[in-house]
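Heads up, there are several structures right after this.
Consider the two complexes below, in which subunit A is the common component and subunit B and subunit C are the respective partners.
And now, the complex of A and B:
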C-alpha cells in the first residue's frame, strides 16, 4: 500500500468507470485467498484505504499526493540524453548489471552527497531501486518479528506497510534524538529541496557512518520514474543489504543508471535543483497564503523550510479521516494525519502537498478544504453553544440563531443548564 | 444467460464492491453464463442499452447502488435485476427510516434520536442534546444515517464526546442518528429467498479480539475480529435471532437476499435489530457467503439462486 506516492489513475482499483475489466490475475487472487502467508494478514484492509482510493479520481484536486512535478523536466533533454545512452551504451543498458550498481552512477551520487556535506567512497554505496527499496532491505536485514523500530512521528506513510509486513513493533517519537545509541536509518529524499534557512547537517555527516544508514534518492531532484536510489551504511550492514538486494531484484535498471550518468555528465544538475526549488518555494508560498486566507483561526500549520508538504492541525474535535470523506464531496483530497502514525495519533492533523499541483489548484483546493473545516467548526460551536456571530462562515451566516442555540455547558461535570422537555418514545 | 455484473461505482465502498463483483463473475462463469462486467459510471445507461443483458446482477455497495438509484434505472430499462427493489433499498440505506419502520411494526431496535444538519443549525436542536443523553445513557453510538461501512461511526462515552462525534457523522450524511449502545454480542443473520419463501441462514457472530474495547473499524480489519458461524448461542437464542431477522426482512420489503445485523443484550438476553443491508458483501471474507456455506449452500448455488429469483420476479 503506497497510499499517496502513486500517480492518480494508477492507485489500487483505478479502473476507468464503465470499462470492461479484462480477465486478470486480480480475480484469481480471490480464489487463492487461503494461501496467503500469515504475515500478510497483519496488512490492514481498513476503511481509510477505501477512502484514499477515492482521492485518485480525475475530478479531485488532490493535495494528497507526494509527487514531484516532472513537467519541469525538459522533454527534449530527456530525449537527447536517452539517445546518447542508446548510441553509446545500448548493450550495457540492455544487460544485467552488478548488484551494487554501476560505478559511473556512483560518481553522481557522491556529488549529491558532497553537496549536502557528506564524503563517501564508491565502495560504500549500494545503488537501489528507489529509496523505498532501502527501507525494505534494511527491514529485511535487521528486523526480526517483534523487533522495535523507532520512527519519527509523523513518519513517511509509505514506510508503514514495510514495517508492518516485517512484523516490527513500531514506536513513534517526536524527533529530537540526542543520545540515541541505536542503528539509525536516515531517509533524506528532500535534503536538496531547501527554500530558506541554513541547510541542516545530515545525521550521516555528524556520525561519520558509524551507526547511521543513509538513504538517498534521485526521485525528488531528478525523476521518480527512473527508480534510482542509494544507501550508504557501515560495511557489515552494507554487505548484508547487498545480499538482500541480489535476492530481491539482482540489480537496479542499468538503463536508468546510465541515464543518471549521462544527465550528470551533460547537464547542470544543480541548476535544475535550483529551478525545482524555485517552483516549489513559490507553490509553498501560495499554499501558505491560501491557508492564511481560507483556514479558520482554530487551525494551525507548519511553515516548512524544505520538502514537499505542509502539516496542518485542526481542533481536537475534528477527525480528519471523516473530514476527508466530506472534502471528497467537494472534490478535494489530503492525507489524514492518522496515515503517518501507527498508534492512532494524528487524528486531527492533515498532510498537504504543494509540489505536484498547479498554482490555481493549490488555491482552489485549500479554499475548498477551508470551507469544509469552517462548516465543521461552525457546527461544533452550534452544538456546544460556543458559536460567536461572524466567527466562522457556517456559524456566521446564520448569526443570531447559531448564537442563540448556545446556552449549553459542555463541561461534563457541570450540571446542564437547561433540559428541554421531550416526550419519551414508546417501543 | 447474458448477465451484466454491476460493480464499482463511485461510492466509498467501491473497493469492496469490485471484490464482490469479481467473485460473482467467477461464479456466474462456472455456472455457464455469459458475463458482462460493468464498472458503473456515466455511461451505464448507454452500455446497458447497447449490451442488452438478460439480467443484471447488482454487486454495488453504498450510495448509488444500494440506495435504490440503480434499481430504479433498471426498472425503467426493463432489465430484471437481483435482490431488493427501489423501495426496500431506500428504506434500508437510511438507518433512520429502517428503524422507524421496524419500531412501527413492533420489532425491537435500540432507542434512538435522529437529526438533520438543518435541525442543529436552524432549529436549535443542540438544546435537546442533554435530554437525549439522559434518555439514552452513555455510551451513545453516533452514526451517519446513510453510510454502509464503519466510516463515521463514533462511540461517545461522555457528553463531551457527543458534539465531535456528531460533526464526524455529518461528514457522510446530512442526517445523523444517536443510538442507545447495547452491550452484548454482535450478530449477523443473512436471509436468502427460495421457492418456499425467505429463510434465515445460520447466525454469524463477530468476536473482536480485543476484550472490552470496540473500535468499529476493527470489525472490517483482517486479524482483529473473528467471525464464528454458526454462532455459539443457546438454541433458543439462535432461533429467536433468525425469527427476528426474518421478520425484519419482511417488514423492510427485502427480496432475494439481505443481511440483518443484530445485538444480543448480554444483561437481558434481548435481541434488537441495528440495520439491514440489501446488498451485503460477497467477497471471500463476507458474512452472507459464510452463512450460506454453513447451511450447505455453495457460493455458486447462492449466486445461481439469487439470479433465478431475479428472473422470476419480472414477467418476461
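And now, the complex of A and C:
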C-alpha cells in the first residue's frame, strides 16, 4: 500500500530535508542493505504500522485500529490499584521476574480460561509480553524457512509480518460453516466479548491439550498497555516457547503482572467484561446502522457476534488500498483488506473497528467512507456506462444482513458462524 | 551444566509422577521433537535459567543473578509516581502505544545518553522491552544461520541463547589493553554505575553513528521490572529493528514508559544513580575483602571499576560447574564461567554478583564458596601429592589485585581496563 504522508520520523527521516542530523551517512539505506539477514530483507513496513502513524493525528477518525476503549477503566481505580502494588510490592514490581511469569498472575489467567471452559494448571502456562509475542514465539519455535502455515482468510494483520519474518509459506483457507481442520495456534483475544448467540467451545478445550497451542491476552478484557498475554501448550512445546521467551526479553514486566494480580484480587473482572461487552455491542449496532444508511447497496458487510471489527466488501472494481488514500483526505481511516492476506486477496475488503471510537465518530466516520465509496461507484458507472455493475452477491444484501469476509456466503446468525482470522475467535 | 533439582514445573513436569494431568500424552517430548524448527532444536535450557529457578529458594544466598537492588527504591515514591500516572494518564497507560515508543520516554533516554556524552534525537531511538530485546532484534535483523558474531570473552550469558537460536557462529575474542576493533553492538547497561576511575567514552560516541548499534536500559539505573530498554542505530538499521519489534510484541508497555516519564519529571534520577553507585561500591569492597579472606591463594579475581560483577578464576583443575553443584548443597550460588562462553572455555571461572545481595550475605556467601573451593584444592593436593599446583599466574596475586576474566593479565587500575562482555561496558 502507499500512504503519501508518513509522520514517523525515522522511517521518513532520510527524505526530510529539514532535519539536521550530524550523522549524514547514516541515512543511506544502500550502505546497510547488504548487512541485513535474509529474513529481514523480506520484511517490509506493514500497512498496519504505517496506518497507526497516520491515524495518530487528532483530526483523523480512525476505524483502523484494534483498540479497546481504555477510557472505560476508571482512572481512580487504576491509581488505587497501583498504589496497592506500590505499597505491598514495590521491590518485586521493579525487579526481574521468572521467564515463565509470576505465579500470582497465573491464577487470574486460569480464571479467564475457566470462564471459557478450559482447565489449566500453572505449569501449563507461559506469561508473555502481549498476545503478539505468542505468535512470534510459536513461529520462532516451529517454523523453518519454507514451512507451510495454514491460516484463515482473512487473518490477523499483525500476524503477517511475523509469518514473513520467519520466511513461512502461508496458505490462507477460506472458512465454511464447519470451519477447517485445526491443529495449530488458536488465537482467542475476543472470546469473552460476545454480543449474542451461545459461546463456542474453544479448540483448546475440544483438543484436550494434544496439539492446540492456546493464545490468550488481557489486552481486550483489561488493558493492552500492560502488555500481558499468555500461552498454554503441551509441555514439551511450552518448554521450547519458554526458552525462546527468555532469549527474546527475559521476562514480562512484573510491574504489569502485579497490576493484573491486584486487579483480579480487588475488583470484579467479569463485571468489567460485561460492561465492556455492553459498550461494544452498542457501538457495533451504531456502526451497522450507519453502514445501512451511508454505504452504497453494492457493498456488503458482516454482522459480528463478538470481537471488535466489521468486515466490509466493496464491488470488485474498488481497490480499498486506493480508497484509503482518498478516505485519509477526508480524515477517516480503515484497514484495507489486503493487510489480512498474504496472497494479494482482500483488495476490495476493509476492516472497520467499532470498539475504540466514540458513538458520534462511528457515525461520522462511516458517513465519510460511504461518501468516498459512492464517488468511486459513480465514477465507475460513468466510465463503463453501467448503472448497476455486475456484483451479483450485493443485490438485496444490505444493511445488517448477511455479508462476507472471505468471498463466500455465510449466515451470521447461525451460532457457529464466526470470522476466524488466523484462528482468532470473534465470539 | 547439571543441576539435580529443577523446581520449574513445566520443564520437569514430564518426569514428575505426582502431578496428575488430564492430558497425559502432552508430556512426551519425542512426540513433538519433529515439529520444532531447526533453530529450536539447537536451543537448550541455559545455565542461567536453571540457576534462576534454584536460587529462587529463600534459603539460598545467590551471587548468581544480575539483579540490581530494587529495595533501594522507596515504595512510597513508587506508589506516588504511579498514582500520578493513574490520575493524569490512565487511559494512555492502559492503551497500545506506537512501536517505536512514546515520545515522552525518549526525553529521559536522551538525558541518560547525554550524561554519557552521546547526543541523540528522538528519531534515533527505538524503545524496547528491556535491553535483552535489543540483542534479540539485532540478531534477528542482521544474522543469517552460519554468520559470524565476534563477541568478547567472556560475554553476557543472556546473549548466548540468542546467538544459538539464530544459529550464529560465535567467535569470542580475548581483550587486551587496546580492546578489539568494533563495529557491532555496544551493550552498555552499567555505564552510569562507575565506582572509580574516569568514565570512558562510549563506542557509540566515538563512532559517530555510522556502524555502532547502541543498547541502553533502565534496568540497572532505575528498574528491570518495568522492562524498558532502548537502542540507537543508523536509521536504516533502526527502521528494520522497528519492524522486527512490531512483529515481536507490537510495543513496549506504555504503563512502564509513563512511569519512566513521571520518574524523570518528578525525581532527581542522577541523585538516585549516585546513591545506587554508593551502595554497590560498598558491596563490591565487601566482596573484595571477603574474597581476600576466604578464597584460597590459588584463586584470582577482578577488581571491577563498574558494573555488578566480580569474575574469579580457579586453578585449572577445578571445574566451576561441578563446584556449583557442591556450593548449592551449602545453599550458595554463582554463575559458572562456561555460561559466558560458547566454546567451552571458562570452565574454571565464576561470576559473582555483589549488587543484589545484602552486606552480610555477601560475606557469608563468599565464605561458603571459599570453603567448597578449599575442599577441592585439598582433594587435588592429596590426590596428586602436590602442595602447590602449577598455576603460575596465581602466585602472589591475591586479595583485590589484578586478576583475569579471560585468561590474560590485565591492569585493572588503568582507566581503560574493562571487562566488556559482548561489548558490555562495566565502567
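To be clear about the criterion, the second predicted complex is superposed on the first by the 332 of 427 C-alpha atoms of A that agree within 3 Å, B and C clash if a C-alpha of one lies under 4 Å from a C-alpha of the other, contacts with A are read in each partner's own complex, and residues count from 1 in each chain.
Everything below uses one rule, namely that a residue touches a chain if its C-beta (ideal position, glycine included) is under 8 Å from a C-beta of that chain, and two chains touch if they have at least 3 such contacts.
These figures come from a predicted structure and were not determined experimentally.
Contacts of A:133 after superposition: subunit C is touched, whereas subunit B is not reached.
In the superposed pair of complexes, A:265 makes contact with neither subunit B nor subunit C. For subunit A, the partner that touches more of its residues is C, with subunit B and subunit C as the two candidates. In the superposition on chain A, contact of A:98 is made with subunit C only, not with subunit B.
Contacts of A:385 after superposition: subunit B is touched, whereas subunit C is not reached. By the touch criterion defined above, A:173 lies against neither subunit B nor subunit C after alignment on the C-alpha atoms of chain A. Of the two partner chains, subunit C is the only one that A:239 touches; subunit B does not reach it. In the overlay built on the shared chain, the residue A:148 is in contact with neither subunit B nor subunit C. When both complexes are overlaid on chain A, the residue A:376 reaches subunit B alone and has no touch with subunit C. Touch criterion not met for A:292: it reaches neither subunit B nor subunit C. For the contact definition in use here, the residues of subunit A common to its subunit B contact set and its subunit C contact set are 13, 19, 21, 26-27, 31, 33, 43-46, 49, 53.
The touching residues of subunit C, when paired with subunit A in their complex, are 8-11, 13-14, 19, 21-23, 25-29, 31-33, 35-40, 43-46, 49, 52-53, 56, 65, 67-68, 70-71, 73-76, 78-80, 82-83, 85-87, 90-100, 119, 121-124, 126, 129-130, 132-133, 136, 140-144, 147, 158, 161-162, 165, 208-210, 219, 222-227, 234-240, 242-244, 246-256, 259. The touching residues of subunit A, when paired with subunit B in their complex, are 12-13, 15-21, 26-27, 30-31, 33, 41-47, 49-51, 53-54, 57, 316-319, 321-323, 325-326, 376, 378-380, 382-385, 394, 398, 401-402, 404-408, 410-412, 416, 418-422, 424-425, 427. The touching residues of subunit B, counted against subunit A in their complex, run 8-10, 12-16, 18-19, 22-23, 25-26, 36-44, 47, 103, 106, 111, 117, 120-122, 124-132, 134-135, 149-152, 154, 158-160, 162-164, 166-172, 217, 220-223, 283-285.
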